[in-house]
Every structure is written in C-alpha cells, then in structure tokens.
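I'd like to ask some things about the structure below.
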Amino acid sequence: MARYALRFTALGYLAALLIVPVGLVARRAFADGIDGFWTAITTPEALHALWLTIVIALIAVPMNTVFGVFCALAIVRRRFPGHGLVNSIVDLPLALSPVVVGLALVLVYGRTGWWGSWLNEQGIQVIFALPGMVLATIFVSLPFVVREVVPVLREIGDEQEEAASTLGAGPWRTFWRVTLPAIRWGVAYGVVLTTARALGEFGAVSVVSGRIAGRTETMTLHVEERFQSFDLTGAYASSVVLALLAVGTLLAMTLLRREES
Amino acid sequence: MAIEARNVTKCFGDFTALDDVSVEVASGSLTALLGPSGSGKSTLLRVIAGLEQPDRGEVYISGEEATGVSPQKRGVGFVFQHYAAFKHMTVWDNVAFGLAVRKRPKPEISQRVAELLDLVQLNGLAKRYPAQLSGGQRQRMALARALAVEPKVLLLDEPFGALDARVRKELRAWLRRLHDEVHVTTIFVTHDQEEAMELADQIVLMNAGRVEQIGGARDLYERPANEFVMTFVGPVSNFGDELVRPHDIEVSREPNGSGTQATVDRVVHLGFEVRADLTLDDGREVWVQMTRGEAETLDIREGARVYAVKARKGR
Amino acid sequence: MNSVAQPAPSLARRRSVPLSLGITTGYLSVIVLIPLAALLLRSTEGGAGTFWDAVKDPQAVAALRLTFLVSLVVVLINAVAGTVIAWVLVRDQFRGKSFVNAIIDLPFALPTIVAGLTLLALYGPKSPIGVNVAYTVAALVLALLFVTLPFVVRTVQPVLLELDRDMEEAAQSLGATSFQTFRRVVFPNLFPAILSGTALGFARSLGEFGSVVLISGNQPFKTEVASVYIFGQIESDNVTGAAAVSVVLLGASLVVLLAIGGIRRWATRHDG
C-alpha cells in the first residue's frame, strides 16, 4: 500500500517534470511535419551552428582527455605538495556559474583584458571568435575525464607499473602498454561525459561569443536565437537534435558499462 | 511445545527451499538446525521468525498460530550471522532499541540495558560504536539486544559463522552457559556438526529442503536414519558394501573368524588417534581409526599384513 | 587499494614526475586559475569600497537574495523527491524500471537552454494543459528542479543499494514498525548521502543560467537571478559590478564545495 503510494509519487513527479515536457517538445518539433522539421534544421544558420558546435567539441574534448589523464596521474601517483589543492581546483568548473566563467575569460582575453590587448595587436581575436568559445568549452568540461580516471587509477594501484619497470620497460613504454589499457574504461566514460558537456554548453559560450548568427553561434545559442525570433518550430527542431545527442550520450554510457562487464 | 512448524513449504521461484517440513521444539530447549548449504535451515528459521512467509503450512508459537503474524508481533529475538548491528548507534542504544521502540520508561530501559550488558560481559563498552568492537563483542551485543525484549524464543542464524575459530569455540561454550542461565527456548542454525553436537539438546538435520532426522547427538551418530545422516554427522569408511564408522573396524594380526585379509598402505599418527589406510585383498580400499595404544599393541606399520572385521555393537 | 606505498625511486619515475605535474599545473593555470584570478582582481580594482558598492546595489541584492531563497526551496524539495525516487528505483520492481533509471541522467546530459524550452512548452503560454507559470518565480523553481533532479537520486541510490537489509530485519524482529524502522535505522544511514546530494544541487542552482533565462522573464527585482543579473551587467559594460557579484557567487560555491568534502568525511565516521 505504501509501496504503491511511493511508486505513484515518484513516477508522477518524473512524468510531470521530465517525461511529458520532453515528449511535448518532440511532438511540437514535428508540428509542420517532417519537412518542416528538416527545413528548420538545414537552414544555413542551423547548419553553421551544428558545424561550429562539432568543431569546438573536436578541439575541446581531446585536449581535456589528454590533460585529464595526466592530471589523474599527477593526483594519484605523485605525492607532491598541493595535490589535494589540484584535486579541488579540478572540481571548480562543476560548481561555477557558466556566466561567471564567461566573464573571467573576457577579463583575460577581451580587448581590455590582461592578454587581450596584446593578442589584439597580434591580430588574434579570442573573444567574439572561435578561440574564446573553445576556451570556455574547455573550462566547463574540464573535470570529467579526471573524475572518471582517478578512482580507476586508485583502484588498480602501482603494482602493474612496478612490475613493468622491473621487467625493463621505461616510463613511456609503461604508460602506453600498461597504464593506458588499464584505465581505458575510465577514459571512455570521461570522454563521453566531456563531449556531452561540450555539446550542451550555453552560458559561458553565450558571454564570450557575441552571438553573431551564422558566425559565432553554436547549436545551443542558435536555439535561443530562434526562440527570441519567435520561430518556435525552429527552436524546437534544433532542441530535438540536441536532445537526441544527449540521449545518444546516455546510450553510449549504458553500452560502455555493458561492454566493461 | 514452544515452537511448532507444520508441513511448511517454501519456494523461491523454481527453487524449493523447504519441502513439507515439520519440526517441534520443546520449551526451554536448545535446538540446532543442522545441514549443508542450501538445505533450507536458514529459511526455516526465517519462516519461524516471520521474515519469510511460507507458501504452505503453519507456524505455532506457544500454542498460538503465528503464520500470518508480522515479525514485529511474534516475540522472537533474532541474531544474524553478520551481527546486523545498528552501526550509527552506540552499544547502549543498540541494546535499548527494542525497549525504546516499545516506548518503555527511561529508568526501566536503563536498568534492563545495564543488566544485559553485565550478562554478556560488555559493561564498559556501552558508549562505543559497533565499528570499534571485535566480531565476538558485536555478536554478544546482538544477543543482548535480542534478549532485551524478553522474547519467547531466541533464533540465531549461523551466529558464529563470521568469527575466527578460537573466538567461535569460546562463544559456543559461552552460549551454552547463557542458555542454562536464561532458559529461553533457543533455535540456532549451523552447518558445523561439531557445534551442533556440542551445544544442542536436539538436532534437526536437514538436506535439500527436507528433514532427514531429528534427535540427540548420540542418536544421530549411533543410529543414523540413512546414509546422508551417517556421512554428515561423523566420519565414515566404506567397508565391504556398507558404510561403517572407521573406529568400528577391528584390526588384528591373526585371523579372528570372518576377518578379511588386508595390507597396510599408510599409517598417520594424529596425536591420540592413529589412522591407517588399508587395501583389502580383493583390491578395495578402507581406512581405519584406532587409538595410539591399539596401534602400538598391533605394531601397525606400512606393508604389514593384517585382518580387518567390522566390530560388533558395544565396542 | 591505494598508492600510499612509495615506489622505489628509479630514474625512470623521477623523469616522468615533472612531466605530468608540469602539464597539469600549466593547463590548469591557463584555463582556470588565471581567468579566475583576473575575476578576483577586477572586482576589487577600485578598492574594497567599489566592491561593496557593487554588491550592495539594490538590484544585485534582490538577485542574490532570490537566487539563494529559490535554491534553498529547490534543494529541500529535491531532498524529499530525490529520496523517494531513489527508494522506488532500488526497492521496487515494475516494468520499465530500467528506462526510468536511465532517464534520471537526462538533465545532466541535456543542454540547459533546451531544458528551459522544454519546460516552457508544457508550463508556458502555449501550454496544452492550461498551466502557465512563465515569468514567475514558480517557473524558476521548476527549471531548477529539472536541472538538479539527478543529484540527490544518484547520491542516495548507491547507499541504499549497499544498505545492510539485515539491520532492517533486526529492527522488525525487535518490534519496530515500518515507519519506526525507517526513522531510526534507515534514514540515519541515508542522511549523509541526502545531504551531499542537496549540497551539490544547491551549488548547481546558485549558478544556473541557461534553463532559467527563457522561462523566468528575467524581471529585475522579481524574477532575475544572480547569473542573469551578471549577464545583464556584462552586456551593459558594467564589468566591475558583474565581477563583484560573480565573486560572491564564487565564494558561495567554494563554501558549498568545502561543506561537501566535510560531509563525506562525517558520513564515513562509523564505517568499521
């Protein structure tokens, strides 16, 4: 009896908050039929937004992956003073408002920023251009690979690497052939989560990009722009694309978990 | 009768844990449910406690039917193999739990808890947390906790299974003394026949969901109902076509009537006992148990030629 | 398994220590630390006075107060809803349970702007069920509930899974009703997980932007949260003001992060 009440409450809550709204968006995206949907997501702006989003992800994700592995190694293996601090700094992007992230980047790379004026003189534009958006995306998606790899590294311990070195393998060899294979699942999960975060970033990128349609709009910014222009179908259509990417992420995680076990 | 289980059947999916099991437990007695893993002994205990519902059959506690009654209301004390200590509460609060839940007045709780901690020799540890106790101490706390509410029957599910051998032996003796002092009807589950035989007034030997035999330790050992009981409860040796206790085989240097000739393959001295592996002339192997004295008298050694015969009863 | 044991310092190992350390600190500095330092310095550029003036600006104060209050309400609702959902997912059995379990993570994966739009569709002006809370504080609460949904559920679930069922059976055998068992035995063991889940959700709510920016109307003093206020100040070129309020949010996030670490240590104090 109590069991049914609990179940009803939980499922009702989830339906009202999550399931029904998402379902509604999916339906509204196809309000003008499949053609309407297709037209909306293949406008030049939409296509450019998609391309830009992918390019940014293609830069940010590998960089954060490489960093993530080295950072995890540094945190877990090397007992250096301040490794606890590094651990906390890595967590920061998870707790920061994306708008604050954007502002901080503007303060460094903007026209009047610390390095911004010098970069401007060299002809390199960071804010209101691709590099700024990449930096913002890297910032917000930084922690995930580290977070996934650290517990794996902790669990497998030093022994395999010590065995390798007693057998004559140098540090690079050991890294490639012993460490990396051992952490591959952690890295995989981290990459998927990083990608999801990179594709979905909005606030930080909104601040640094200037939102110039067709030039510096990512897919998320495009959704907002369509909404502000009262093109609801367009907004919903692009939302569906993003939602599908999100669902793809969840599926990837599920499949990876199954593969691992 | 304090406890009665009548025709209890319990299945988990395709697996039959209990198959038409009937058991009677006398008031004030100490009964063991003995058997290998999967025999159903824990399931039977949990059915008596009300933690499982039987598919068929009834449970009676102090003469009243308890089959549909929730575990809260049965008046049973249950002790788990892994203690089930409330790890977020002190020892004191653990033992007081049953009384606190019944909203007994504070002074009454204080007195009772102090009494029990004294009984189980844990005074001084009242303010500790279970994580700070050894396994043996945790189990004594669990017993005190179960006794606090004056249960009609005490049920213990492999209570010493998680402890190391030395502590297990100590607690065994301690449990018997406790039972003699407190006189609560007690049923405990074990897979260790030595434990059952040492402690229990009555042993219920179970296998694959059925009761094989009920009786005292001596009954099961000397008058086993079937091959399973005989094998489970003590050592056996294949002599001829029958199962025989290895110390029931007489070995001599001269033929004495129907003795079979055999050669000694191996002799092992295990302290007071001596064990000898023999090969009968017809090729079959048999092992024999004898005392040191007997081994010396016979001058048993490898290669010796001897005669083996099954002893008559009364040896 | 831990790496407390120091490996014999071979030449090989000493060579690679500086490398991972160097990459780590270099990357973190460029990407995270330097921008944050710029933020801190910029906010106090005109001295402490300018900083406080910016923070005490009535609109800023209204935005911060609204942010904290709404986040508090949201995490309290989450504490209850999240625990109930986690309970149902762990203890109950029904068709479609694994589907439900999987979609809990959707708010983590879905872009925040899409989340806002999604809620606007059902609870905004064009609502098919006639519920329109757009441009109200209720919309804020809704959006924040959406994005913080997974936090409590995912911190409570593993604890519930690991919880020793024996303890509950012991409580029952000692005479405790289901409610008493929950209150005295189960809940105390879940509490740290619920707390850390709500702390994570709180930190997230404080800074949430994308999901609230469409649905709340962003009316100053009424439905404008701190992140939207900051965004507005950046657009109006009041960078110092934006930086000051950002530092306040940053400080709050840090406090919450520290609290979470503390909660974790407190939670494991009874583990034997």
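Order as written gives the chain letters A, B and C; numbering starts at 1 within each chain.
As a working rule, a residue touches a chain if its C-beta (ideal position, glycine included) is under 8 Å from a C-beta of that chain, and two chains touch if they have at least 3 such contacts.
Bear in mind that the values here come from a model prediction, so they are computed numbers and not experimental data.
**Student:** What is the chain whose Cα centre is as far as it gets from that of chain A?
**Tutor:** Centroid comparison gives B as the farthest chain from chain A.
**Student:** Busiest chain-chain interface by contact pairs, anyone?
**Tutor:** A-C
**Student:** Which chain has its Cα centroid closest to the overall Cα centroid?
**Tutor:** It is chain C that sits nearest the middle.
**Student:** Which integer distance in Å separates the CA centroid of chain A from that of chain C?
**Tutor:** The computed centroid separation for chain A versus chain C comes out at 17 Å.
**Student:** Hey, how far is the Cα centre of chain B from the one of chain C, in Å?
**Tutor:** So the centre of chain B lies 53 Å away from the centre of chain C.
**Student:** Cα centroid separation between chain A and chain B, in whole Å?
**Tutor:** Spacing between the chain centres: roughly 59 Å.
**Student:** Using the touch rule from the top, collect the residues of chain B that touch chain C in their complex.
**Tutor:** That would be residues 49-51, 70-74, 76-78, 80, 82-88, 97-98, 100-102, 129-132, 142, 145-146, 148-149 of chain B.
**Student:** Inside the complex, what are the residues of chain A that reach chain C?
**Tutor:** Touch list, chain A to chain C: 2-3, 6-7, 9-11, 13-14, 17-22, 24-25, 28, 66-67, 70-71, 73-74, 76-80, 86, 88-108, 113-114, 135, 138-139, 142, 153-158, 161-162, 165, 170-171, 174-175, 196, 199-203, 206-207, 219-220, 223-224, 227, 232, 235-236, 239, 242-243, 246-247, 249-250, 253-254.
**Student:** Would you tell me which residues of chain C are touching chain B in their complex?
**Tutor:** Residues of chain C touching chain B: 164, 166-167, 169-177, 180, 184-185, 188-189, 270-272.
**Student:** Note which residues of chain C are touching chain A in the complex, please.
**Tutor:** For this pair, the touching residues of chain C are 1-3, 5-7, 10, 12-13, 15-17, 19-21, 23-25, 27-28, 31-36, 38-39, 42, 81, 84-85, 87-89, 92, 94, 100, 102-114, 117-119, 121-123, 126, 128, 142, 145-146, 149, 178, 203-204, 206-210, 213-214, 226-228, 230-231, 234, 239, 242-243, 246, 249-250, 253-254, 256-257.
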